[in-house]
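Dumping the structure here so I can ask a few things about it.
Order of writing sets the labels: A, B, C, D, E, F and G. Residues in every chain begin at 1.
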Amino acid sequence: MESLMIILVGILVAIATYLILSRSVFRVIMGTAILSHAVHLLLLTVGGLKKGDVPIIGQADEAFTDALPQALILTAIVISFAVTAFLLVLAYRMYLTNGTDDFSQLGGKSDE
Amino acid sequence: MIVAFSIMLPFIAAALIPFIYRRFKNIHLGWFVLVVPAVLFTLLASYIPRIANGETFVKTYEWIPTFGINITTYLDGLSMIFSLLITGVGSLVILYSIFYLSTKESLHHFYCYLLLFMGAMLGVVLSDNLMVLYVFWELTSVSSFLLIAFWHHRKASRAGARKAMIITVSGGVAMLAGFLMLYVASGTFSIREIIANLEVVQASALFVPAMLLVLLGAFTKSAQFPFHIWLPDAMEAPTPVSAYLHSATMVKAGIYLVARTTPIFGGHEVWFWTVSGVGILTLFWGSFNAVKQFDLKALLAYSTISQLGLIMSLFGLGSAALHLGYASDTVIYTQATFAALFHLINHSTFKGALFMMVGIVDHEVGTRDIRRLGGLMALMPFTFTIAVIGSFSMAGLPPFNGFLSKEMFFAATVNIMQLNIFSLDNFGLIFPVVAWIASIFTFVYCAIIVMRTFFGKIQPDRLEKPPHEAPIGMLISPYILITFVVGIFIFPNVLGHYILQPAMASIYPMFPSSEELTPHIAAWHGYINTELWMTFGVIVFGILLYRTLKKWRPMYQIFPQKYTFNAIYERIIGSGESYSSRITNRYMNGHLSYYFIYIYVFFIAVLAGYALYADVLSWDPSKDSAIEPYELILVFVMVFAAGAILFAKQRITVVLLNGVLGYSVAFFFVLFRAPDLALTQLVVESITTALFLLAFKYLPKIQPEKVSNSIKITKAMISIAVGATVTLIGLAVMNYDKFEPISAYFEDAYNLAGGKNIVNTILGDFRAFDTMLEVVVLFIAGLGVYTLIKLKAKKGDTDVESK
Amino acid sequence: MKVNDVILKTVVRMVVFIVLTFGMYLFFAGHNAPGGGFIGGLVLGSAIVLLYLTYDIETVHKGMPFDFKKVAALGVLLATGTAIGSLFFDAPFLTQTDGYFTIPILGEKHLSTVVLFEAGVALTVIGTLVTIILSISEDE
Amino acid sequence: MNNIIVLPMIVPIITAIFLVFLRDSIKLQRIISLITMVFVAVVSIVLLQLIQTEGILRLDFSGWAPPFGILFVADSFAVLLVLTASIVTAICLIYAFSTIGPRHERMFFYPFVLLLVAGVNGSFLTGDIFNLFVCFEVMLLASFALIALGGEKFQLREALKYVLINIVASWMFLLALAYLYGTLKTLNMAHISQRVAEVGQEPILTLVSLVFLIVFALKAGLLLFFWLPGSYSVPPTVVQALFAALLTKVGIYALFRTFTLMFPFDPEVTHTLIGIMAGLTIIAGCMGALSGHDVRTIATYNVVIGVGFILLALAIGTEEAMAGAVYYLIHDMIAKALLFLIIGTMVFLTGEIVVKNMSGLIRNYPLFGWLYFIVMCALVGIPPLSGFIGKVLIGQGAVETGSYVLLALGFGSSVIVLYSLLRIFLASFFGETSISEDDKKPIPRGAMVSFMLFALCIVGLGVGAEGIAVYVNDAAYTLVNPSVYVDAILNANE
Amino acid sequence: MFGQFILNLFIAALWFLLKDDPNASFSTFVAGFFIGIFILYAMHRFFGIQFYLRRVLKVIKLILLLIQELILSSLSVLKQVLQPQLNITPGIFTYETRLRGDWEITVLALLLTLTPGSVVMEVSEDGSVFYIHAMDIEESKETVLKSIGKFEQAILEVTE
Amino acid sequence: MSVNQLIELLAALLILFGAVISVISAFGMIRLPDVYTRSHAATKSATLSVLSCLLGAFIYFWIHDGFVSIRLILGIVFVFITAPVAGHLVCRAAYRSRVPLAEGSGEDALKPVLFGNDESENDMK
Amino acid sequence: MINTILNMSLFLFMIAIAISLFRVIKGPSLPDRAIALDTIGVNLISAIAIVSIVLKTKAFLEAILILGILSFIGTIAFSKYIERGVIVERKSAD
């Protein structure tokens, strides 16, 4: 299962990367969203899968699964949520002010 | 103490200038400023006897002792020469400037810079610590820059200032590197200590690089070929500045450095050839180019270059003595050094006078172009006198000091041929030959100065102002200088004994007696030696060439304009700028996807590259847990959903597919025993999806990317490579199990922190700080969103700052 | 024909209480079961969002006249404040105190400053979530 | 237990939150934010003294002993940077008071700045690698908010790029953390160091460290600086200055920590790579600086050059080089802040950004012009200003280790810095003035005060380099002897 | 009705406390609740009010009706889906209800939606007319109209 | 086999029943001609499936662990209440956003009320 | 036996999710996707219930209710979006 998950992570990353390399702001943002899914799964996987029980004391009799990555992922999810919220609104504002969400039409240099 | 005071005084005075300037509006600021060099000159001169006795004055003040950088002032024979020049010529120049610069100019700036320069220059020659020397060295560049750009409304001034600054600072930086090498080799920044432990330094592999870097600093500062190009442009400065900085003092800082470090590097063949070779080449090139100048000041600039080359080459020749070691028959080679020091002083006297002469002409007539000048002898007789004496001395004619040092120079070049070290038996002839040819050109341009300015027909209509003699005040300084020109010729040995001999001791500290190193200077040795023959030759050919100047002058046009060093410098800068622009604008094109490509390519190159190189990758699925069929389907669902995002036409579809991915991740969290994660992921994913809908409600349909297939393929390859890299490293990481996770500790959460939900206890207690900050992050995001929406650029009110 | 939201509004009136109760439950359960300040806050926030979805901004605002930015700020203050509190007791920053207190009527109860900390988290989450949604929705 | 260590992060956070409630009393906001930064600076000074007497300090949050809990570690390196960051921010705030305007001030400008600093200080102080990630995010979110504050067209566009690149960088950070946890199974930096030392940094661990290298390189603008010029040129001047002074420095700090403390055992790979990257960064920065026609571009590429220069020290790795890096970091924070403030003011005064279109400013604003001149000289490394000692020490390290190419690039870059900044000075400050007396806008007094304070720092740091030498040396010593750090965290008996 | 419920809870709690069971659990409470029901039922005539559980029983009846409809309708959908040939004529028809009040209308709408082959699409502004989408209008219109009456009756029983 | 085990098995079968219904209704989502008919499949069959599944789980936990899960009951109630509302809302939204009825649909009582009789306006895509 | 049944059920639910995913991708209309997503959510609820049995834990039961809540809120949001283009309305717009 671990290997499968890591391969899945790789596939997600590849797809996300392709999206990130595109010109549309929207697709880039989607790419970042997929990236965060991928890395959360990776974090969980490196902690070892199905090697133990739900990390709640008193509800299990075997060893617990590694709780630390879970805590880290939780923090990461929240942060990623915060960032995404800001990003989305920023993209929205940018679209309204600049009239396009295509990076290739946005131009680049600030001194243009 | 006095030495430190000498360095400090100009700086203190500079700091006071704004107040004095405001307080005494009616009195020319120069009068106040004049006090500084005059006092210092007197003060320093009072040390001459003790210095002549071989005393030196050292004092250390701590600056950055932790890193061995201390202000050690050091007054010995060599620094004495230079400090006297700096303060002496400084006094004269300031006196001259009082008449040269009207009170309408921003004098407070001028004198402030000048004092800064003076202090810096004193600092250079009076510091023993290489770092402190460097401090002052750069300060001379900076103050020189400010002085050249004094009339900064003129484009040429700015250009000249820039060129000077760039070249001298570059050299300074190289020199700094050289100093650091010396430090690393010797363990000290103190020049005296380095000299005291020479064996260590000379044994170091850094010896030659350090030498070359130090020389680079010296050469740029002293305008040696091919770095001389800044000096003519520096002539945009007011003439007192040219006289002071760009002839008498600052350009000699390089010379000083060479002299100062001669004990360290002197015995080495590379040193010998570099210093004397570059010197002699500069001598030739400067004199050769001086002849073609029409601007008197430019002519003097080239002449200065040429003379600096002369002095430089003499130091090189003199260094041979260090290789040979002390012996009665080798002392003869030290005389080159002696000549160098001698000519150094002489040059300051006659060149200073000449510059002031040109300044007077410019000031009174309004032009320095020799094509417009002529016949001023009758109208400006006193000025004419300065010109004649100065030029004759420069041309090496008696009865002026230049003659003496020039003769010694010829002698040195002739002597050096006798050596059979450093391949001199093969190439030694170069020195006298080039020296002689250069001297002919020197003679020619000296003739041009005198003849074209003062003889011939006057052309009043081509002059800006009706010519008349300069005010007396302007004449005082040049006359004092030409008094020295004559005086030194008459009493050269006073100078030799009191001033030059202690300096020789500084340059040859390991030679037992400096007395032996000091030759008796005489204008006439009682017989006609080779040097004198050479001088005759110079005069004969010089007159010949001057007479035929019109005929051979077109020869200068043969060299295409493109290949002058100036043009090359401009081209380097120009093409540097344009290449930089082209390259930078090409990759920094403002397109985010390019930036991502660079980042990802780097990511792949470094990680995959190293992984393959170090053979890190490994995969051992045997320890994996089992795969259930439904898990396989979930994986399939995720892959399918993610893949579909690539081809989806509608934004909503994409958003929903992302939601599917998020929900699938949540389900994986369930499957992998992470209840808190599953809960959080579910909620967060839903809210994110809602935000997506909110944020993209206005957006049109996704337009298919209008890019060529090759770009698509490139992007796909990069993406696949990134994914593969992530996977392969991940597999290798899974395979690595040398350590126990620290999280076993947390399994005792209930006893430690009173919580049964381990994850939550970690978040709320063990790693509560993360949680606290995560809350802060969330808060910032919320506040940020609020400001994004509420603070909009006002229409019509375009912020200037945002332009 | 105008939209008649009677079905939605009626159902939501009931559902919102379930959600709120559940949110509170999650908030308190976190210590020993899945849940906690963050997820509790999210669910409570979702309940408020549900109200905004069902009714309009003005109506909800009448019932809940809070500046949600300040709610969020209050939450952060609470979370950091409990952390700071330890400074006054000469304990390492963020030290949570907990213990079993005997309270009249309720008997021996396990109380912890973690609850305050988590309450701060929850308030921040609620405040931020609603701020974000409202900011976007109010934008013209 | 040293609760004081947390103050540089927690106090700005709490004040920031309070300021949210004081939204409408702008005066109060100003005073409080300034007091906060001064307070943090004072705390840092106290910390520096404490470190001198008691060695490296640490604060285990909630009392959980390392490696299990999160902790803040105060060593001289970190605290020096905290001190500098606080001073720089305080001075920038003074500038902001008279320039940013109530529109921004009511939109939580001060809270965002304080939160930015909190994130920066936290990043410097934390001893836990995951917490570093979180502190980074605090800093980043605040920077996101600040870069977009104003809502201009260009601003939003560049802000979006900045945010997106940083999101990808943060993702890579998480990736690196996943790999790190997958191999070393711990998060405490000292513990990581210990475990890596235990097995002698096998290639797989080096590989993990390389992921961190990429992440921090992105943050620091080391070779991967593409995001930097665009995003540094759009926000309000004071924000630009803060960014230039603080943001890349955090990345640089992280690189130093990673490759001196956690993964120092494979320098043939890691440090060589850093050296190459630093060299290329310098080259690219120089080209950018040469190519620029507008003041902002020139200034931002100077940031890039500075980054490359400091990281030369890491590649070189000797104690002198480290000391130089610390000096240079401090110098660069101050000088870059001043440079950006001045550049922004120039734009404000003339309404132009192209160098050629401004002229003769020194006639109208003499003191202003000389302040530019000073900061230019400092950035070039002209002694006795602040850039000098760092440059010397790094150069010394380069010579000692025989890194002549790096030496050449580093020192050569000074010339380009000089060239590019001198161009501005000559074209914009010198020459005929383009502003008539009537059109002359005054420079706000607060702005001038902040310039002067910065200039004072520049001169003070240069002339008084010895004053902090003991701390710098201590910082450098710890950097080259990671065991000092590790012992203080894991083997101290408290 | 609500008062009775509270009373019932009170009785349950009293029971719970009186039991003083160290292993007191949910079941103890449930037992107490049933005891309460018994007491209340015994006393309701004495108080002269309707036994609240009767109302509850009607609610339960309604819910059971809903579940029955749900199962039936699901099965009918499944039947149609599984038929080899789709042979349906979907359509929209109206129904005017006699119910008033938000709760009543809502419950009826929910019931209708769960009824085989129908989904309430719109409610008119005054709440009197339902617009109902039928999976197969010919077949289900009749059955739907028939069951609506049943529903209305059940709802009225609860609310009256 | 004890009674408990039998009930557990029954619970499992209830779950299986739910799963089968779920698949079939998902199949219906593919097969049915328009969004309205598909919504029938979603709101009814899917709801039934989840209810039976949750009920199965509830029974299982009750019997196997003696654990009465209020959360499961609450979940059942919640789904039961909200699923039809969701179906109603989506269909209304679909109609109002002019998603067409499937070809071959019969009577449409809503069209005149909402869009009038104007054919051109009602020319739904 | 029971485990086999449960695993099989889980498998079936996953299949149902996969099929619904197809509808999400294919559309064609927005409501189609909304319904499909809702179905996925509902199926996930069932799947989580089963997993809870399989893993012998009560830890995931909260997730069931949460999913129910979210799927409801999501559908409301979606249909409002489809119907009115906005999700949260202002009074004036009504």
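For this structure, a couple of remarks:
In this section, a residue touches a chain if its C-beta (ideal position, glycine included) is under 8 Å from a C-beta of that chain, and two chains touch if they have at least 3 such contacts.
Please read all numbers here as calculations on a predicted model, not as lab measurements.
Should one ask which of C-F and C-D has more C-beta pairs in contact, the pair is C-D. Nearest to the common centre of all protein CA atoms is the CA centroid of chain D.
Centroids of chain D and chain F (each the mean of its C-alpha atoms) stand 57 Å apart.
In terms of their C-alpha centroids, the spacing between chain D and chain G amounts to 47 Å.
The centroid of the Cα atoms in chain B and the matching centroid in chain G are 70 Å apart. Within chain E, residues 109-110, 120, 122, 124 each touch two or more of the remaining chains. Each of the following residues of chain C touches two or more other chains: 1, 3, 7-8, 11, 15, 18, 22, 26, 32-35, 38, 43, 46, 49, 69, 73, 76, 80, 83, 93-94, 96, 128, 132-133, 135-138. The set of chain G residues touching two or more other chains comprises 10, 13, 15, 17, 30, 55, 57-60, 62-63, 65-66, 69-70, 72-73, 76-78, 80, 83, 86-87.
Chains touching one another, given as pairs, are A-B, A-C, A-D, A-G, B-C, B-D, B-G, C-D, C-E, C-F, C-G, E-F, F-G.
Chain F meets chain G in the complex at residues 8-9, 12-13, 15-16, 18-20, 22-23, 25-27, 29-30, 35, 38-39, 42, 46-47, 49-50, 53-54, 56-57, 60-61, 65, 67, 69, 71-72, 74-75, 78-79, 82-83, 85-87, 89-94, 96-97, 99. Against chain G, in their complex, chain B makes its touches with residues 628-630, 633-634, 636-637, 640-641, 644, 648, 650, 652-653, 656-657, 659-660, 663, 666-667, 670-671, 673, 675, 678-679, 682-683, 686, 689-690, 693-694, 697. Looking at the complex, you find that chain C touches chain B at residues 26, 30-39, 42-43, 46, 49, 69, 72-73, 75-76, 79-80, 83, 93-94, 96, 98, 110, 112, 114, 117-118, 120-121, 124-125, 127-129, 131-133, 135-139.
Taken together, the chain G residues at the contact with chain A in this complex read 55, 57-59. On chain D, the positions that touch chain C within their shared complex are 1, 3, 6, 10, 13-14, 17-18, 20-21, 59-63.
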